[in-house]
Amino acid sequence: MTTTGADVDRLWSRPAHQIVTGDDYVESLRGRDLKVHYLGERVPEVVDHPVVRPSVNAVARTFDLAVDEPELATAQSSLSGRRVNRFLHVAESADDLVMQNKMQRRLGQDTGTCFQRCVGMDAFNALFSVTFDCDATHGTPYHERLRSFLRYCQEENLVVGGAMTDPKGDRSRTPSQQHDPDLFTHVVERRDGGVVIRGAKAHQTGCLNSHWIIVMPTMRLGEEDRDYAIVAAIPVEHPGLTYVLGRQSCDTRAMEGGDIDVGNARFAGQEALIIIDDVFVPDEYVFLDGEHELAATLVERFTAFHRRSYVCKTGLGDVLIGAAAQLADWQGVGGASHVRDKLVEMAHLNETVYGAGIASSHEATQLPAGNFQNDALLANVCKHNVTRFPFELARLAQDIAGGLVATLPSERDFADPDVGPLLDKYFSVGPDVPTEHRVRMLRLVENMTMGRNAVGYLTESMHGAGSPQAQRVQIARDVDLVADMGLARRLAGIDRDPPDD
Amino acid sequence: MTTTGADVDRLWSRPAHQIVTGDDYVESLRGRDLKVHYLGERVPEVVDHPVVRPSVNAVARTFDLAVDEPELATAQSSLSGRRVNRFLHVAESADDLVMQNKMQRRLGQDTGTCFQRCVGMDAFNALFSVTFDCDATHGTPYHERLRSFLRYCQEENLVVGGAMTDPKGDRSRTPSQQHDPDLFTHVVERRDGGVVIRGAKAHQTGCLNSHWIIVMPTMRLGEEDRDYAIVAAIPVEHPGLTYVLGRQSCDTRAMEGGDIDVGNARFAGQEALIIIDDVFVPDEYVFLDGEHELAATLVERFTAFHRRSYVCKTGLGDVLIGAAAQLADWQGVGGASHVRDKLVEMAHLNETVYGAGIASSHEATQLPAGNFQNDALLANVCKHNVTRFPFELARLAQDIAGGLVATLPSERDFADPDVGPLLDKYFSVGPDVPTEHRVRMLRLVENMTMGRNAVGYLTESMHGAGSPQAQRVQIARDVDLVADMGLARRLAGIDRDPPDD
Amino acid sequence: MTTTGADVDRLWSRPAHQIVTGDDYVESLRGRDLKVHYLGERVPEVVDHPVVRPSVNAVARTFDLAVDEPELATAQSSLSGRRVNRFLHVAESADDLVMQNKMQRRLGQDTGTCFQRCVGMDAFNALFSVTFDCDATHGTPYHERLRSFLRYCQEENLVVGGAMTDPKGDRSRTPSQQHDPDLFTHVVERRDGGVVIRGAKAHQTGCLNSHWIIVMPTMRLGEEDRDYAIVAAIPVEHPGLTYVLGRQSCDTRAMEGGDIDVGNARFAGQEALIIIDDVFVPDEYVFLDGEHELAATLVERFTAFHRRSYVCKTGLGDVLIGAAAQLADWQGVGGASHVRDKLVEMAHLNETVYGAGIASSHEATQLPAGNFQNDALLANVCKHNVTRFPFELARLAQDIAGGLVATLPSERDFADPDVGPLLDKYFSVGPDVPTEHRVRMLRLVENMTMGRNAVGYLTESMHGAGSPQAQRVQIARDVDLVADMGLARRLAGIDRDPPDD
Amino acid sequence: MTTTGADVDRLWSRPAHQIVTGDDYVESLRGRDLKVHYLGERVPEVVDHPVVRPSVNAVARTFDLAVDEPELATAQSSLSGRRVNRFLHVAESADDLVMQNKMQRRLGQDTGTCFQRCVGMDAFNALFSVTFDCDATHGTPYHERLRSFLRYCQEENLVVGGAMTDPKGDRSRTPSQQHDPDLFTHVVERRDGGVVIRGAKAHQTGCLNSHWIIVMPTMRLGEEDRDYAIVAAIPVEHPGLTYVLGRQSCDTRAMEGGDIDVGNARFAGQEALIIIDDVFVPDEYVFLDGEHELAATLVERFTAFHRRSYVCKTGLGDVLIGAAAQLADWQGVGGASHVRDKLVEMAHLNETVYGAGIASSHEATQLPAGNFQNDALLANVCKHNVTRFPFELARLAQDIAGGLVATLPSERDFADPDVGPLLDKYFSVGPDVPTEHRVRMLRLVENMTMGRNAVGYLTESMHGAGSPQAQRVQIARDVDLVADMGLARRLAGIDRDPPDD
């Protein structure tokens, strides 16, 4: 049953928001009456929920950075003819893509978590060329629709999420082979003026914190799966959407009232399941419908952008390196050669990720649509390293931090008049370092290696933008083994057309 | 101020317990009125506390296993002339040491966590020879005291913890150089009939679940640190002891009432800070006092035993491999070559740890005291691999499990009449697998890789029995580089005494 | 065409050799008129060939060690009732297997190369039980034949090679599917009194240095491949055998006359292709013929022994560690923390291999034939680490040694009256270390990491006893994933028969 | 004793060469009467020596590529106002630096070895800014001298080597602390019109194949080492220079007459020791003399360029990947999942190196001298990965290739009328693949993993442009731990100036 009525119509009417600062943004999220479930309850106002709020703050930071450092976090858009938040900008040069990476690293440093806007940015960038190509081939009107929608988002400075990952059910089956056809999002009805969509999207980063989401197919599709080839924008507050927040490790510490045990009191990520219950989407918000052969193109272009966006994790890496270095110094081993060596290794791995990422952006090429697409092979290499190195950084950070990272008493015990002073005494590393500082730093390491932000720094690094095997499949595709075999045959004296003969 | 009086005297009087089963053991812990702090409150009865109880269950399992499989979990003691729990047995052969490892792996499989009795076992085994050697050199009476105490523990089937790790303060300073002399546990007064001890022990595994703890020095000590060279047994319920439980990742999920989100509802580990507030210990419970040059010997022998005891983690590895394999099967990728390959890699790493561990036990030698000491080099190698491989197993388990491991909604949402059915629908992998089973398995992976038992499987694997650098220092000591250089010089034709001339 | 006649008959008549020392052994190899090809020429006398001789020396060392240290390198055989060379002993206890490993490590230390007798030892040990089992099932007479042959070998102290690896042709096809049926060794004719064998065996370690070889099938065989299920002993000097020596990296340096550039002047390994041209083997030397279903059993038991025999490489590792440590000391960086750390890492990896190997031997079980079989899983784990860690040791050794390991001038230049003194001057590290010593040590590192003995230390570590994937397949078989899944289901609360309920 | 006279004067007079093609280049090397020693003999004409010639061919390829693909291998120089070989171009943009990398990868693909011209290119690029800065500070005339010399080199299209690495003696001592002051190259006399230089340079890549070499200091220097702060250009044919070629693994195979066993018949690298025997250098070829504080700057800028130049090894990686893939296909395992996975891993590691390298070039900044300097941190990260990944690629290539890579008979045996046909039969993988092709490909893998080009692909990857620890020291310098600690303190709530407050 699809929801209709005036309230719903209003949602599609592109209301004004005029968001500038982080505070503006936070206010724009209020009063939307989203159907959000968490811990068995309906969340009345996400902005005020102690578990959700840190994730709102992380997005808010993307607005404030644009105010503070416009060169870094905004870009001149030829679409709207104005300077727009970089997250809403379709890259018009390789440098635009590189600047995305630099902004991402900076926001990772500033928040120590996932700031959630990259999916939408990468979705716009991918759809820009895919809709263009589709229109060129099929005579469809998608590209202009997308430009119009993007222009609106730029003008109002909106947060747009990209919703790609379906629940997938049995992974050995295609969408139409599943025991339940809804396990992949699909069109269940085509009406005059629009389509009706059903399904769900899992692991949705920052969806509650967005104004719109764009649903996209998650994999290569065949003819028989053409109803799954749907791209469409939906307002987050649409009543046909239900959100169930995922539990993060240590999530409820945010509800305990303190600001120490959480590790990072201000910032966190967010993932939710979005259930799409027969939502009617007007045509002007539909950007692909049935052109199944473009699903693979879309996924490849989107993941090329998005796998390089994981450069953000190097910003988190900087924070973790800093935390480990600070603890080492305070605990009296900052000068130990093995500690220095571990910090160097952490930095080396972190920069290795960064190198492949920005190399991918620098090596961009212009597509017929006019926008720039980064190098896919290097993007996959970047992301593949992200599925490995943050885990090693986390391991090394725990090594340097010491066992206390996992056995520290609660901040309430530190505040207890009886045992607090004893804890203060026995966890002291010397008169120059307040024990509370050491405790806070240990909690930050816990937060990033086993706690709430480990979800973003580790598990999301593993699975976000595609699990490791997805990168390996793509690397196998992008590497030209046939050419490499030719090089080898020539040098082995088998092929007799050596380059210098 | 030391605590005295009839209540205290009773503690030293070796009361009968006659523990046989796990249930007996649980009952033996009741009513001790320990001073335990957790989350800012005094815990009234540890046995009944939802966060503590799973750790009690893990120890209880060591009793039940002894009943179920006496060959595996008990041993014939020449000391008491009876079959005793293997955790209370001083190894009388290499095979005894190997059987410890096999019992440890089994308990790791049964509980998926730290079962907490190894420290005490390893402490008894190390002290057995160290006290013997001390008496031989110094004419002290420690060995006979220890035998008497151990005989009592065997007869009553007690749990004895070994308390070694001091808070350490500034790690670039020795005990007596610290800004606060109490940062390492030490004797503050010697009286007729005993000594008074002050200090603290950090990261104390299973201390609340023990009947006695044996404090031991944590590092090599010089003449100036002789007051820190103290080994003594103290009843856990001694009023001079205060316990502050460490927070584990996701600890409070155990207080939420469900049995799914906790991941492993029945079993968990436990770590606490023990504060020792001027406890008077009668002479018969003192096993070293001032013989500072034996501190290094004790630490080396204890860590030789204990670093090989980390074979227990291969039991946890078996569980994690099983969880990943099960999820892969259910999710339809059990036959994918890359998944099979990752499972093989997990098994390979897990068995590599096991190999070095039992090799160390097999290669034991008999000491003058009559007991058997395992090979120190291989024990350090075993533990050093434990500081690496469980992290890689955890990474691979998360890889195979999928991103849901970190974004799954709470069990309360699954139970919610509105969204529950939707979650059940969208997280289904097919009609043959109840969604709840999949959810439970994902929560188990979360539990072991980021949640409560990640403390034991990862952080404790890193720091327990000494941090990685401690093993490297010991490996550097145990490897005979001078001999190796001689081998190389002979083969290079420099030294002219080749083996076959 | 099979070769016959009195000369050939003599070969099957079990002549006396009475070998005791290495010198006896070397003499026993003379005058055999083997058909050996190398560098396009027929080698007149292998013992005197400068490239072959170092490999003879390595085997000779196995005799001298038995004289020097009989506890280590001989064993009491219940078969012949005498003390025999351990390489000719079928293990009668787990300790026998462990002693094999200790002897192997020692010989690796003494020679820095492959001493070639393990294949035969492991073949006898595997065939002992396989022939026993075959006879029990099929009523064949193989076991007694084998015992008789082994008794002879023990009494005369012979070197027996095991020849398993066939050329294999197209690896996606079975023996009978190949375009040439001879690509796997097979029976081409069965006559009264014996069988005629044709085919080839590749990578044959030390075959020229053996008195007999035992051919064995190399893989699991089906009914259609029953002619390939042949095990038989053949005298090395049989005229139906042709040998083509493989080229090793830097092999011809041994023909240059010096003793420095070779790196290890006295010892080296040996591999050859053996071509078997219709050799008639009398029945008493046939130990399997057509019982195809036992081929897999034989391969599994043999590789279980042999994959653990790669513990020998830890002896080579000791040499390489020593060489790197010595160079570091001489070059003034012996005390640098990063160098010490690399040496520790080398030792750690080396001992990790050792641990799994001797654990496998210790964990042996007695078979119905009476002999002891080591643990297969740990043996595969041992070998699998051998396919990785020596490569890392080699990398680290090159790191510590410095670039000179690959750019050093020849010893002839050092001897040149003009440039020799200049080289001596410019490669000096100080007055206390003769430059020649440094050069010799660098050449030893080259020898083991890129030169002649890199074949044994690296490539053979990779492929000997089965390539890495063979171990992974076996590990996948030996690990009980079903049991592991059960452990996980119980702890996740899915299976309701927990161990303590 | 310095050499003088008309012959020597001629050398300094900048004769014309007008080199265009590789053939021109080869001719330009003839008849120089260099004092070259190899294997105890004086080499009469390096161009015709079978061991040297492949290294000449590799350099010749740099000329032919410039003819074939001028966009890739030449650049427009504002210095000489003409298009010049890219190896003689000082980068005038980030893109110039990126193009260097692309040319390097291509040449690595074309030659499978070190093509030797990068050191000179990187030396010119580093000296360009260092001389500029020196002149600005000290009023010296170095920059104009360098420009003049470079213009000459560009016009004549010369090969210029950079000679940095001194023998170093005892590595715990500075130049002036050595037992022999000549262990680092230094000025021994200052005369009117020039300086006299003595010392040696080790591991000199391609020096025989150059027209000039530029000597440079190898490390940070203090006031007491000011005579070691010398940069000067010397003609390669100067009679005061003596060259001793290093032995490479398998070097003499090039003297055996065949073209198979060498693995790569046409191309190889070259390293030699250069002994500088009191060479008088006229002032106009002196580019630094005594300004010791600039030695560190020079080393840092040069290594920043040069560590990123190791992107060349990704070209060799492409060849090795191709060789492994080709062998897998031919041997029937091209479709095996574990083989495909290993090829993907090889590609992933190879591209990871490439990513950091070109990222470093892209992230260049303009210096006051006007030229562009690449990012130092990423360059060090690139090279540090080069000290690891090629070793893993080599290991995987040997894994895929199979054991034959180290046990294959010689090409002479394949050509032998008796055994040749047998080898052909038994090493056949099927009718579609000539056995010789398989053999050639295996020899190429041997060549790159243990043979002659392993020197370049592995040992040079380890030590060239500085050993691993040198990169770690530089990474430690370039990473801003203090800033990272600040990030961590802010997020932990310690520093109260969070970015968004």
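Read from first to last, the chains carry the letters A, B, C and D; within each, the first residue is number 1.
The rule is simple: contacts are C-beta pairs under 8 Å (C-beta built on N, C-alpha and C of every residue); 3 or more make two chains touch, one makes a residue touch a chain.
All figures in this text were calculated on a predicted structure; none of them were measured in a lab.
A.B. asks: Using direct touches as single steps, what is the fewest number of steps from subunit A over to subunit D?
C.D. replies: So the least number of steps between the two chains is 1.
A.B. asks: How would you label the subunit B and subunit C contact, same or different, if same means the shared numbers make up over half of all numbers there?
C.D. replies: Interface between subunit B and subunit C is built from largely the same residues.
A.B. asks: Centroid from C-alpha atoms only, then distance subunit C to subunit D, rounded to Å. What do you get?
C.D. replies: Once rounded, the distance between the two centres reads 39 Å.
A.B. asks: What is the distance in Å between the mean C-alpha positions of subunit A and subunit C?
C.D. replies: 53
A.B. asks: Scan subunit D for residues touching two or more other chains and write them down.
C.D. replies: Each of 338, 341, 472 in subunit D touches at least two other chains.
A.B. asks: Spell out the part of subunit A that touches subunit C in their complex, as residue ranges.
C.D. replies: Counting only subunit A, the residues touching subunit C are 337-338, 341.
A.B. asks: Residue numbers of subunit B touching subunit A in their complex, please.
C.D. replies: Result: residues 37-41, 165, 167, 169-173, 179-180, 182-183, 200, 202-203, 242, 244-250, 252-253, 261, 271-273, 275, 331-333, 335-336, 338, 387-388, 391-392, 394-395, 398-399, 402-410, 412-413, 415-416, 418-419, 422-423, 425-431, 446, 450-451, 454-455, 458-460, 462-464, 467-469, 472 of subunit B touch subunit A.
A.B. asks: With touch defined as at the start, can you tell me which subunit A residues reach subunit D in the complex?
C.D. replies: Against subunit D, subunit A makes touches at 22, 57, 60-61, 64-65, 68, 98, 109-112, 259-260, 263-267, 318-323, 325-326, 329, 340-341, 343-344, 347-348, 351-352, 354-360, 362-363, 377-378, 381-382, 384-385, 437, 440-441, 443-444, 472, 475-476, 479, 481, 483-489, 491-494, 498-500.
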